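The block underneath contains the structure these notes are about, expressed in structure tokens.
Per-chain residue numbering starts at 1, and chain names A, B, C and D are given in the order in which the chains are listed.
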């Protein structure tokens, strides 16, 4: 028989080709979306910690300044996670019998460190330095978000390279005065478009050519 | 097309390592005649190996025939087992890497944060490392309590910031996973208390005889507090004996001084004052040992010709082996070690030393005359130096010459506390043991006498009769195996101690880390022999110095038991202050020894015992340039470090002159049987141009059966040949066995033809004076203006560059190992080095010029040239290597996909590729060592010198935080920091006042391969040599007369 | 059986079979001369004259391909310029960022890629392919159209179409056989 | 000249016999024993390739002999070799079409198939020779990624990516377009319903209408017109990998034409290596006649002479440049440790090829077959010489080093030959190996007299 296919095949074949084209486009879109999703970046994910430490309470409620605990932030690449001693400074006086804080007391008693789970985890080939960012007017909030509203610490930014470049290509959009570094919910006194470039000049922030050099972050 | 007929049988994986790589077929000697002819006819002006010059058909055939293969890959059990699993995993990876979520990581903060410790910031602690009875002052970089990198202590009066390659390598030994970890009794794990009890038991058994059966065997002791402990023991056990033993000891120098001056003294030459230096087998320019660091710096200060060309000194070297120092000589004479005495006598006779007569060895008259005249012409500004391997007689003669010519030399007490002649002491110990007088033997330290003692003493066998043998060392080595008890010893970075450096200055050795295992410091082991057996090392050291401080509070020198009237608490507080200062500074100021008024015995000439002449072949024993006496045999960095002159890695060999090899029909890798004093060993031959004829040099320390995973079985045990009567040289005969061995070097892999392209440039002092800009005339494409298709890119602001002075560089290779340590460079192993896959970012290129018998040697450190118009960058498809605004040729490991195109397109071939997973990702100890500021590279990634970009970044961040510019000299690259001669200078080339900019302004400054217009940021300062015009010398390399159109002319 | 005139409403047309290309061309000329407009010829090998005789129109494909090629070239150049000059300018070996000479090759390759894809896909789409079902296949003899027989179809949509007259006319053109083509 | 008169198709063929001869092979249910035997060997080779590549991904590029001076070796040699081989197919189907060479018609189909399979084999190497192929596979393509980074478009390797992927795509498209009418023939002749559906789907419903043919002919002509500059550009771009570098022996302006000529040369050798056994085995002597063989041998001679000219020019430039690096490079090629490879390639590509001046040689299929194999070896050696002997000794003598291949190098290389043969044998069995409709146009039946 010469006629191999039923008449409906014509419609089917054309429909399937159109579907294929759209499916490929959708797949491409999916991949591009997925690679920036929280699933991949680990942003906004609940992370179980040995002690459910609430930044909301300590920062927002009690009003402890960031640098009380993260002491190295102005001098070291690492902001520093406080030693148990820092917790005990207060918690030997208040809530000193709370079962909630037993791991902290146990740590201090037994001289065994607490094992916190890293929330902001950059790849090992990225060399981020807190001290220089803080010195040049990048606020804590810019990268870490409204910590004072986080009952549990979470990552709010993607921490992907394009996100880093966003600021390194034009820091004037993000910098703030040095005395506002630890402010949560900072509002610029002037329009950022005016203040930003001024701070960039004042703080001697390097130009885009330097800031986007590979070896600035990768060594 | 059968490319690989000699491919090894996969059934025999071990053979792969041992097959001949660098040899011709056994039995095909080099045609030396042909070599000479080639050279006379204007053969290659620069050459790297003899085969290259000879250009023999056999050599070429061999090159075609030999196709080594990687047979072990067939047999790797992990590979086979994991094959399917990883296959599927890798396929999954291929699709899924983009979406991989990083594994969860823990943060473990301190419970109580130590003072001064800022997480993420390295700290530097001053300490010192002792080797061979001399300490070097160090600064050790520590990251969160992990020592990671050794630097020299710039404030230390003796070394001024330089370190040698053993100090650089020592940090790896700390983390060596093969270190001994527990107390062992006959191989079984025991608690420390059991060892303590055994020692106490042994000691109390000696009480009756007041220690008559007790012997203590240590390394050369440079620690005052340890010496005090030992003296205390000897006071309590007056019949006990203490023996110090180092296989590469300084007996000859000590004996020479004792005979000449009546006391053990250490001569200190002031090379800054010396216009003429005569080295009689003294290898004082190699980066081995604290003393050399001092001399190298002084020597280099007289090789800089920018301000005053007449500053240039002249170095004569007379030696048997071709050493680093020989390579730097302005005039060099290769002479058998046994003839150097005669040579010295002849010089002495001509220099007016009364009572010494002698005729120069055949053929060296002119050299003797030239030296004698030069010495006479530079009275008061010339020195004669003698190597430790020369017998006491030569030292005596040199003392006499130096006295006669008024050499700038002072005599100081020795750095070791109790100098002596060690071989004799060891011989006496063995005699005592044989006589049954010894019941208890305590062996401390790394000198490993069972392995390293002279073979004729049969030390290992002899001590079997001692009923209690206790050993403490960092490794369960050959000696530990022959002892009842073994106590793991602490590394110097783990324990408190103290030590004297070459001029007597004391450093407190402070630990940077708690002992990784249950190790005990030597002080703690010694304490077990005292009435306070559990005294900590810290207490021992501190108490000793407390007592010393009490004596020296006001007087400043030892002697009076001055009355200490001050209350105890005030004294303690004051001491605490001083102690802190000592620890901070890294040394105790004012402890340097005062020169002794050494009077040369008037009858010195009669005290010289003439050495016996050696007819025929002579065998020399020398310490190894990289594994020292064998104690670093398990140190991968040092094993893989190419030996400065031979460029061999992972092995030692019988070094010999081309003429000797020729006469015996030998070629590189041919195994010869060397017989000396009735003992025979088999060693592969390696031909060294410029080696003395009829002499063979063996380095010791290889062939250890119990060195550890890396070191065991590498090389050949030459201690087995060495006897106590001829510790450094003696007569020998050799026989070719017909077997061959695979010796692997990093440079002479294969070479036939060379070409002169002005990579190395040199001139004599005369030529330099006539034409200071001689380097410019050596460019073979003389373009006045570099033409380019593109507009020149302007580099503004801070621009990094480097200048390397070929006149001060000695080729000691300390920079290579410093680079390895700083930049987490992996060790690849012999099989991979054989495939040209060593990972060193910085290599020291070594070229010979002239005839194979009397070659000139040129060395050239070759890091990344950091070209402005970098050929590597343009060809990278993924921007993994691009230029930074500061002119760095950035290498981004995480972006690299590994096409290797950049390496192909690099004219200097300074890029290194991780062909396999070279980095050890599993051993936890090695993880501790790594520099956290440098990415650890995985396989499939290109890497290269970054000018230590991590240091640049650290300095830049520091400077920006302080709102200032980076100061000149604030950034030292790792190679620059370690360099004993300050030959490497790094800095901002746009700052006209920076050191590097001033050097780049020197007329000697040139860029290699300038005609490619890549504009390297690394440039070189051409060498200026100062040969005696009265002696024949090879034409300088790269000079106009040598740069005739060569290369393609063949 | 196909030539049994099933005079149902669903008739695609009438088909004539010829032995040679020459015969088909001759028949086509006659048919067109007769004033038929909805005609199609089928042959196992390309016969360029048939298109000129029957359809008289050249295809627009070349113009489409030109458009595709220019799009490819622009895509290539703009992508490279944007990526290396605007998005992330880097100093690569001291070369200028907008180094147009080096952009030639990818632009050139994309020109060809886009053109070729336009040509192939355009050809198929203009011809209404894929179209696995077609009434002409209902004629058993038509399976020879891809082997060694030549066919001419006068379609029923032709204003002048009359099944009987068309059949008769085709028989008169020297056809080896004339068949009804069911829809 | 009698040969000149040898027709492109031997007498005795008409439309039916042509269809029959060619279409019978894919439609038959029979698997010839010889075919089974060869494909088993070929499959073993392909399996070897899979194993070699799998282990390579697992362990790293260090399995191969590549090292620090010689960063590229078998990997890129094989890549260039295979890409070069591919060129003959496109040349036959595109350039000869533009030149209206009728003899191309019976060999174009399988020459094109050869092109595609050769490009597949070639494409394996650039991906797998990278240290991290799992990244190279997509970092080399421009796509909007989260790193804000794009490929570095100044690198010839990126040009390669564009050139090779375009070449692969266009070749497949061109080949498929050429197959559409033949798939229709297969559909119409298929006995089993399954085959009818498969070929029917592949033919897209091709009916051979005048309108179809018109657009088809236009499209084919355009594709040929596009493929011609494409094929010339591909090997030009491949040659840029070398010519754009600074390495003596690579950095040469003569490379693009020299590489293209070499590619066509080796491609025709491969077509001959395949055509000679295939026509005998499948009894296609009447369709692939001595005229084809003779013409191909002549092209081989012509391109071989061009390649020889290239060698001469390389040597001349080295001397004339007055650059010591260039001169040394040439000296090293001729007398260095790999001199054997240089002289082997000269004796094949310059000396042996002169035999093709003789008609007796060109008509001796056995001899020609053997020679074509030698030419393939010779062209492989040419790439060996260019890549390995240029890299092993370049500027700074201290960094010189020798290269020795390992068994993994050989396994990968022979593995790709196995893969190639597997694909080619599958093609022979399941796809009409000669263009049915094109061959028919050569027959008198297809001739139409113009009216005017």
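A few notes on this one:
The rule is short, and it goes like this: a contact is a pair of C-beta atoms (placed from the backbone, for glycine too) under 8 Å apart; a residue touches a chain by one contact, two chains touch by 3 or more.
The model shown is predicted, which means the values in this text are computed figures rather than measured ones.
Here B-D and A-D were compared by C-beta pairs in contact; the pair with more is B-D.
Comparing per-chain C-alpha centres with the mean over every protein C-alpha atom, the closest match is chain B.
Rounded to a whole number, the gap between the C-alpha centres of chain A and chain C is 58 angstrom. Distance from the chain A centre to the chain D centre is 52 Å, each centre being the mean of its Cα atoms. The distance from the centre of chain B to the centre of chain C, with each centre set as the mean of the Cα atoms, comes to 80 Å. Among the residues of chain A, those in touch with two or more other chains are 2, 4-5, 10, 13, 35, 165. Counting partners per residue, chain B has 98, 871, 874, 879, 882, 884-885, 895 as the residues that reach two or more other chains.
Residues of chain D in contact with two or more other chains: 148-152, 154, 158, 187-188, 200, 205. Contacts from chain B toward chain A in the complex involve residues 98-99, 101-102, 104-113, 118-121, 879, 882, 884-886, 888, 890, 892-895, 933-936, 946, 949-950, 952-953, 957, 960-961, 963. Residues 14-16, 19, 142, 148-154, 158-159, 162-163, 165-166, 169-170, 173-174, 176-177, 181, 184-185, 187-189, 200-201, 204-219, 222-223, 226-227, 229-230, 233, 237, 240, 437, 440-441, 445-451 of chain D are the ones that touch chain C when the two sit in their complex.
Only residues 2, 4-5, 10, 13, 32, 35-36, 158, 160-162, 165 of chain A touch chain D when the two sit together in their complex.
Contact residues of chain A toward chain C in the complex are 1-10, 13-14, 17, 165, 212.
Interface residues of chain C facing chain A in the complex, by the touch rule stated above, are 88, 90, 130-133, 137-143.
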